[in-house]
């Protein structure tokens, strides 16, 4: 029927995209079991999908969510950082940067619909980079940039994005302690904009999206760009240094050890 | 009598100024029916009045309010932007800049007393540029930088002023959606500092002013300048580019059309 | 016994330091009756003590508090600014800068435990420069940067530190009015992170410290440095100008007069 014809889907291995042409709203669902780790493959698909949507005049907004129950994304895939060559680490980190540059700088309206036991690190970054964050209300769910818990330092552009959302004082404490904030606390801190019952998550995301799409695109896009330009430019200007910093930090024996221990712990949890 | 002699008033067509020499407090009332649009004429009078007060050693603080009931200011006068020459647009925008540079950079204590069905765009900017904002408590009243609703982009220095007041996250959403926040919400967001019953608005403004004037001027002025200098300097350094940006944006066919539609809508409302 | 052997104390005239080697936590207690004024002598001892701890691998965190009841610190010692030579003012201000550079830039975890009738100016700065601030809950206690009350301007780096904690709008008003915020208000504004009953202050500080020390040091230190570097670098780059500004402001007749009046007032209060 007509309604079906209005929907276009393209799917890769790890990112499902569905575009509703009548509303101009796409949904990007991460689907990389068990925990949507941001592997090089997922990141690459994410960037390609986002670029396709960005260039598609039929698409004005994207809702980011997960195809897996109770998982949004576990963050960067640690296996991409353990015992890998400099070339691999370079390629991986460039993909992480690319993902953020495209998402934080997207001219489309971006809404994160987060339902997750835990949404750490890179998963939290995806949410922070959207225009609006909705989270399923449950005492079991949490979100945060928990790099410090792993002995890792969040890069400056994670930090800049975080400060833009929650302010300096909250970011400073949260980053130093690597806190995962329970949903209610995350809402109180401004880390998520809204809590909803889990079964209403996607409906609410669609309603919020409709509110944002009621505005003319051009002025909204210029406004968004004005708000985010300083922080985007900063990574663009220091991209290679940021890769070098990542490599020299990640390849340290102590960090490699700490990452392996964390992987072991994750395996035992299963 | 003596009390009368202590008051000096000077009035232009659109801005009424009364200085109480005993307290050192002036009141500037916008009076340009029907909605205190910030026309070139009003802006020019505003700047001249403010400069007079700034140079008057008898004046230490200014309360900004409206002489019209239920209206603070509807914002920039759209008729000044529709079908006008480059020369006119240049003169107009320079006057808008001048108003903000003088008000945000004023060494006097500035308090906004806002009672308005709606206080959008330029009207909101006046309030944001004061040291303190008091608003009449009514579910009918609202305030915000709603440029995006008109398909217009708030200039970077509106944005900088807004971010200084409400922080980055709230400014980002509010500017992109062109939100007019109801009084209670505006207070919760920090966009206004205090809500009072409408009949107590000016009394409360006077009481707040007295609190601020209890401090020695010199240290307070240097402190204010230290807080606002970075944002003031940014416009001062990019004034001509900002004018060019305004002209090239405003003279676009799509924007001219959108402004004309908005004017039609306003006429029908009356 | 073993427990006693694990504690090392070094004491100067005005700063008591006790390091618990088992936990890695030091406590620095200001002890300069009657009000822990930040004199040149106290500041010098403070810096030396902090440097010792910083270089002591057994020390990972410092709790800052007062050895005097109901007093944290009255702030900078005004007698150091009254009728003194340029050489003395230079030495004094350099010591104030040094204290802040070391404390705000400390790689250790820093927790302020504030119990004070009033914690103004320099006393507040010490608290603001820590990672976490706990205050005894009492309607009699207050904290703030009250320089403006004395006709003095807080230097830009006091301001930067304050803005990082409470944001621009609150800092702007608080600094201009030289407000001392009662404990409950200070907590609401984010100026202190937590209120506790006075008798539990140090226990709670120890518990918070334990939470912070549960994290690996290295990543936490790099994260802290990333958060604070911009503000620290700004003073480091403008240190001599800042000293000159302090001297030319402080030696003004009007300021000298205002400081003498303040000292008289303090004497009468006793």
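Residue numbering begins at 1 within each chain, and the chains themselves are lettered A, B and C in the order written.
As a working rule, contacts are C-beta pairs under 8 Å (C-beta built on N, C-alpha and C of every residue); 3 or more make two chains touch, one makes a residue touch a chain.
Per UniProt, the chains are A, B, C = Enoyl-CoA delta isomerase 1, mitochondrial.
Computed from a predicted model, the values in this text were never measured in an experiment.
Asker: For the homomeric pair chain A and chain B, should the interface be classed as same or different, according to whether the shared residue numbers exceed half of all numbers used?
Answerer: Comparing the two copies, chain A and chain B contact each other through largely different residue numbers, since under half are shared.
Asker: What angle, rounded to the nearest 5°, describes the rotation that places the Cα atoms of chain B on chain C?
Answerer: 120
Asker: Could you tell me the distance, in whole angstrom, between the mean C-alpha positions of chain A and chain B?
Answerer: 38
Asker: At least two other chains touched by the same residue of chain C: list those residues.
Answerer: As it turns out, chain C has residues touching two or more other chains at 167.
Asker: Can you check the complex and tell me which residues of chain A touch chain C?
Answerer: 147-154, 156, 159, 167-169, 171-173, 175-178, 254, 258
Asker: For chain A, which residues are in contact with chain B within the complex?
Answerer: 131-132, 163-167, 190, 193, 211-212, 215-216, 218-220, 222-224, 226-228
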